[in-house]
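Order of writing sets the chain letters: A, B, C and D. Residues in each chain are counted from 1.
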Amino acid sequence: MINKTVQHVDEAIRDIHDGATIMFGGFGLCGIPENCIAALQKKGIKNLTCISNNAGVDGFGLGLLLATRQIKKMISSYVGENHEFEKQLLSGELDVELIPQGTLAERIRAGGAGIPAFYTPAGYGTEIANEKEVRVFDGKPHLLEHWLRADFSIVKAWKGDTAGNLIFKGTARNFNPMMATAGNITIAEVEELVPAGELDPNEIHTPGIFVTRIFKGNHYEKRIENLTTL
Amino acid sequence: MALDKYGIAKRIAQEVKDGYYVNLGIGIPTLVANYIPSDIQVMLQSENGLLGMGAFPTKDKVDPDMINAGKQTVTTIDGAALFNSAESFAMIRSGKIDLTILGAMEVSEQGDIANWKIPGKMVKGMGGAMDLVASARNIIVAMQHTSKDGQSKLLKTCSLPLTGLHCVKKVFSDLGVFDILPEGGFKLLERAPGVSVEEIIQATEGKLIVEGIIPEMIIH
Amino acid sequence: MINKTVQHVDEAIRDIHDGATIMFGGFGLCGIPENCIAALQKKGIKNLTCISNNAGVDGFGLGLLLATRQIKKMISSYVGENHEFEKQLLSGELDVELIPQGTLAERIRAGGAGIPAFYTPAGYGTEIANEKEVRVFDGKPHLLEHWLRADFSIVKAWKGDTAGNLIFKGTARNFNPMMATAGNITIAEVEELVPAGELDPNEIHTPGIFVTRIFKGNHYEKRIENLTTL
Amino acid sequence: MALDKYGIAKRIAQEVKDGYYVNLGIGIPTLVANYIPSDIQVMLQSENGLLGMGAFPTKDKVDPDMINAGKQTVTTIDGAALFNSAESFAMIRSGKIDLTILGAMEVSEQGDIANWKIPGKMVKGMGGAMDLVASARNIIVAMQHTSKDGQSKLLKTCSLPLTGLHCVKKVFSDLGVFDILPEGGFKLLERAPGVSVEEIIQATEGKLIVEGIIPEMIIH
């Protein structure tokens, strides 16, 4: 079998460099690649452009890389849970590009599907449409949107196998599967890593062809943003 | 007396019909889930990748891998399905959601909505709101009728940056219920208990249409 | 729970009418809705436009509806296993539109995803590109392709539940999941129908929101086109 | 002597490298799978929705729900994954397939390929061929060098309707192996055993480039 396993997170992120564009899976703090984020903080590379639906919170998730000023630009749909973010944005240290969530998901999906551009109705008539091509289909105006790809995609899965196949759990799936397809190099960290052949081929969410390296992550904190109970 | 946010949520809950797929925005819309009658069957969609959202979990059932679009821990009901964000918005854009309930900062008499950005304030982002308003077939808005300093939020044209154009079908405010007519204008359908038509006229900057006797809303 | 169950195939197809556009899941004879095809033949409705990757074989699959001349037009990527098809095509009774397989899959996916059009490189420089808009992205020419939708989509799944959720088996998945999303009315026939709550939400391929009606099919023949064994 | 189809398949099998994801077209390409060395690890993609295609099943393991793009019953290997047709072509268009092996009726010196339609004959359709040739990074063609009546199929320009433009990187015919140069032309790399350069020159209508001594191919 083709074996994509690496032993350590530092080996998985070895070639991520200053100025890289990186996609990070996750929605809020759910399904984020905790091990890789911590290792990137330790590694200290700078000037990153990060594509992620959110920007973490103070002290966790991408908030860790914001605290150390490693992020130059965020491409997200919602970034509101983070004081450090706000501070850096207001001071001009941080650049941010906001994209409607469905358009963000579809642009990443297009990047991984070899579709350079598509039309979507989202954002027509708003400032998001500025300088974008408008085209009417069936009487309804749509915007032309281009694919998103990245130098590296970093995703977090529940189970993975040595061939790179991934299964996500619950709503921790979110942006992870599309991002896995849209990175030039895709790094997957998983809670459970099994030999190829142990996962049911019918239950796989991300086929291994999209994954460059896979490793078993440790010590998942899985911090909860809004604990709500009955 | 004007409704509080729970009252608005209760009234909106009556709009939810048996068999509906419903997307609830953050804020008052989320509260609507608490008032959906128990004799009808509804599937709640959460755009982070869940159809069939259930109640909040009991303490021993909390799962950090199971959250809603408001990042709150949730459960699933029987018949739920999980999917990725692209599939989630595929569902939304292709018009499969029967009812979308959103909060708003302003709504215009043309059905335009502004609910994501206030110039001069920190911009948090539009999240999935622009996708929802651009595609949903049936969008209703839960909102305060006026700002804290008494300015109307039901306007001729929105002053804030728009989230979407010509998309809101109905507004449920603390003062009343309004259809937005295809040709423009807020048509008053119901008054909040104890709120007079005159109060609503006073509080509405956009074109208000009042025809005949306006009933007081009934909240179960 | 929302219950999409109908008891009989005739109830499932009750409103399919002369002249309807229908998508049929399946690749070759694998994963085709055998029960619905048989019932449509019995019902005898005519002038159908059928969107299906293939056109069945003589005497099975869509070949059954060809034999009774119920199909006016086929939209497919490959139609080569069928003598009746060839006869009707040459006599001018049958119209056929051939679409590259990946473009067909993506157009159907777009139909179900609310994306009215997208750009793909497939077919550039060939007769498929005739009268299509060409646009260059990153130096490479692409064709503008539009979504496909249908009045009815008929899909075949392995397991389904009363809420309409579907799980496919093996390569019988093929076009079924995209077609399920692109029909104004989607009818699913399944080998095994279980109460809502019995399928793991994490293993569902098609969420029930896309399915209008579901029923348990019977007597699956699952004819094999090319039996190849060691 | 010119190679038979098994010889062509054997020679092409040497192009398959350890760790490759490979898509095999119908015909000679399918035969290549039989000759991939057992000491390398390869994942075969079948565009109907399978990555990790294995051998044909034994009689007792035949599953009608498990077929390849040629509609033959197949098995899966460890590490296989199943997916739908849209995801399958997503993989193909985004360039994740390392090697694509196709049959052809004609190839031009510019790397154009025609393999789906003969005017006047029943058209069966292009299947996935146009998507594959438009996107695959590394396309090689397995073909007969000439038609039954001796006409060259390695041409200046294709006479048949095209499947794709400027996409073929290498041709493996019954007579030899050829690089298609970026600037155009078939560069002869190897001769089939016992086939002379002169025979190849005779059989090739397109621009043929012969530099130095051309080795005879070695087939393991």
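In this section, a contact is a pair of C-beta atoms (placed from the backbone, for glycine too) under 8 Å apart; a residue touches a chain by one contact, two chains touch by 3 or more.
The structure displayed is predicted, hence computed values, not measured ones.
The mean-CA centres of chain B and chain C are about 36 angstrom from one another, to the nearest whole unit. Taking the mean of the C-alpha atoms as each chain's centre, chain A and chain C sit 33 Å apart. The mean-CA centres of chain B and chain D are about 56 angstrom from one another, to the nearest whole unit. Within chain C, residues 106, 109, 113-115, 120-121, 168-170, 202 each touch two or more of the remaining chains. In chain D, the residues touching two or more other chains are 50, 82-83, 86, 89, 92-93, 135. Shown here, the protein chains touch in an arrangement that is not a line, ring, star or fully connected set. Listed by label, the pairs of touching chains are A-B, A-C, A-D, B-C, C-D. Within the complex formed with chain A, the chain D residues making contact are 19, 21, 41-43, 45, 50-52, 76-83, 86-87, 89-97, 135. On the chain A side of its complex with chain B, the touching residues are 27-31, 53, 76-81, 86, 89-90, 98, 100-106, 108-109, 120-128, 158, 168-178, 205, 222-230. Contact residues of chain D toward chain C in the complex are 46-50, 55-59, 62-74, 82-86, 88-89, 92-93, 112, 122-132, 134-135, 161-166. Chain A contributes residues 1-2, 109, 111-115, 161-163, 165, 181-182, 195-197, 201-202, 204, 207-210 to its touches with chain D in the complex.
Contact residues on chain C toward chain A in their complex (touch as defined above): 106, 110, 113-121, 135, 137-138, 140, 142, 146, 167-170, 202-203.
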